[in-house]
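In the two complexes below, chain A is the common chain; its partner is chain B in one and chain C in the other.
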Partner chain A sequence: MWLPFVGLIIGIILGLLTEIRIPEEYSNYLSIAVLAAFDTLFGGIRANLQNIYDEKVFVSGFFFNIILAASLAFLGVHLGVDLYLAAVFAFGVRLFQNIAVIRRILLTKWSTRKEKLEKS
Partner chain B sequence: MNVSFTLIAVLVGFMIAIQFQTVKKPIERDTRDVWQLREALLKEKELQSNLLSEIRSNEEKLSAYESKRKQSKEQALRDTLQELKIEAGLTEIAGPGITLQIEPVIEDIKLGAPVTKVVSPELLKRLLNELNMFEAKYVAIDGQRIINTTVIRDINQETKIDGHTIKSLPVEVRVGVDDISSAEKLSNRMKVSKAIEEFFIENLRLSVSAPNPNITVPAYDNPMRIRYLEPIKEGGDS
Partner chain C sequence: MVRGKHVILSLVCLVLGFMIAFSYHLTQMENKQKKPNVSDKLWEKTLVLRNQLIAQEETNRMLQRDLNKKQEKVLKNEKNLSKETQVFLNLAEDAEKYRMFLGKVKVSGKGVKISLIDGAYDPKEKNINNYLVHEHHVFKVVNELYISGAEAVAINGQRLTSQSYIVCNGPVITVDGIPHPAPFIISAIGDPDVLSSSLNLTGGVKDQLVNDNIVFTLEKDNEITLNPVLGS
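== the complex of A and B ==
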């Protein structure tokens, strides 16, 4: 269970150590990709807690969402419409929903454990 | 499950770190006191004075080169080029000359009748021939410089001089000559020339001004196209 968090920390450390910087004009794309990645990650955690986790869905969703978000932002830049806001909105809403679901699941787990403790 | 999840977590972490580094801008607080600031200022001033002296030496060098250049052959070439440009009509000319005004004859305008608006190209050509005969050097009609390759023609009932349309009357013709005495001669000759009568036949009046010591004739501003003209080859390939 703790392996993903270790992975996250390893990734952050790796990124900080390599000192890669992305040109200013592309940071938009990266930010939206990060948002998509976050969304997929939390979606994965939620699915895991609900026991409906599917590896194929998760991995494909991760890459597909990132590519879709980046291409949407790209299209928006070329059309002169801030289409990336659509992606930000969609991913933001889903992120909050996923986090809310995770919170509820964890709360119910915690309370059931407490009840069990009280009974025994 | 955990392997792919972990790999993707690593990827996400990596992306976050890169984004963080891209967005992050180093903020450094300035904690120097007055004396340190003064020292820094002194350093910058020294740098400034160094730069100024460098600029001065460069300017001196530049003026030295300039004076050298003036005495060189290049200057002679430049002078020749300038002369040729003047001759070809690529430069603005300011000097003595006269102005001719072409306008409709006001007395002849009848109520309801259309006013003559067009100067025919034939008339202009004759006028130019006459001016050239009387040693006019630089001529501009309606602000369009006349050069050796200039064409004056009628395109769809519009008189065009090298693509410039004469749209309305009066039209000003500026004629430049070399000195004031020839300007006077030109003015007198034009006053008695047949051109005035020829214009009058077409309901136009040509008025000739007195010689003016200061007239500007604009430069020819279109690109010059030279077709059917090639330099002579001298003694084979040279």
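== the complex of A and C ==
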């Protein structure tokens, strides 16, 4: 159970310690990628709670979404269309939806447990 | 199975954490870099100061131009002054020269001295006037001297001016009202050679005077001093 957290902490430390400088215009892509990663992560949590979690879907979705978002933003910059807005919008909406679903599931789980406790 | 799941999940978390931290770090650095430029107040202040500096420089340039112009003026004035000084110097020299000519000051220089002495008593000559020095003899000598370029002439030490008059007054002649008895010594300042040769011309003044039985002596003098005209 602790291994993912260790991975997270190591990742954060690595990110803070790296002195790699990327050009300013590419920082947009990174933000989109972060958003995509968040979306996939919360999607995975939701799927896990709904018991439809599939590891292959999760992992492939995680990396594929990141790359897709970044390339979409890249394409948008080169076409002169703000396509990264589409990514932000899509991922943002899904992020909120996923969080809402997670919250409802947690709430129902919590209330059913309470009822069970009262009954027993 | 659970182990593998966790490993993959931790890999995903690692990538996520790395991305988040990297993004955060990047944004932070960008903000830091931008901050000095971002501050509006500072920018405005800089702008105001820069404008002030530009205005100051313009004023400086204008003043510099003014200064240059004024320096040119000063230079011109100085040149004029030096010219004026030159003029004044010339004027002063001229005035000195004219004063000398007019007999206002004591003058000295090379010249000649001519003495006209009455002839010796001659019993054959009935008319005494025939061997006395008359004023017209003096006139002749003086005129000849002036014509020959004498700068100053005096009779018995009295300077002649352009307004002088010589009158025969019986036994004496008066120069400007002052009586002078014979013998008359006429001193003249000028080129001694020119003066003497002009007087010694054959048939010239000297011969005429000698014909009138007057003792005429002429000597060159290197240092003749003439006193200023009295009462001038």
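Quick note on the criterion: the second predicted complex is superposed on the first by the 108 of 120 C-alpha atoms of A that agree within 3 Å, B and C clash if a C-alpha of one lies under 4 Å from a C-alpha of the other, contacts with A are read in each partner's own complex, and residues count from 1 in each chain.
In this text, a residue touches a chain if its C-beta (ideal position, glycine included) is under 8 Å from a C-beta of that chain, and two chains touch if they have at least 3 such contacts.
A quick note: this is a predicted structure, and the numbers were derived from the prediction, not measured.
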item: First (chain B), second (chain C), both or neither touched by A:74; value: neither
item: First (chain B), second (chain C), both or neither touched by A:6; value: both
item: Partner chain(s) touched by A:48 [first = chain B, second = chain C, both, neither]; value: first
item: Which of chain B and chain C A:59 touches, first, second, both or neither; value: both
item: Touched partner set for A:27, first chain B, second chain C, both or neither; value: both
item: Common ground on chain A, meaning residues reached by chain C in one complex and by chain B in the other; value: 3-16, 20, 22, 24, 27, 30-31, 33-34, 37-38, 41, 55, 58-59, 62
item: Complex interface listing, chain A residues touching chain C; value: 1, 3-16, 18, 20, 22, 24, 27, 30-31, 33-34, 37-38, 41, 55, 58-59, 62-63, 66
item: Chain B residues touching chain A - in the complex, by the definition given at the top; value: 1-2, 4-23
item: Chain A contact footprint on chain C (complex, rising order); value: 5-27, 30
item: Sites on chain A touched by chain B in the complex; value: 3-16, 19-22, 24, 27, 30-31, 33-34, 37-38, 40-41, 44, 48, 53, 55, 58-59, 62
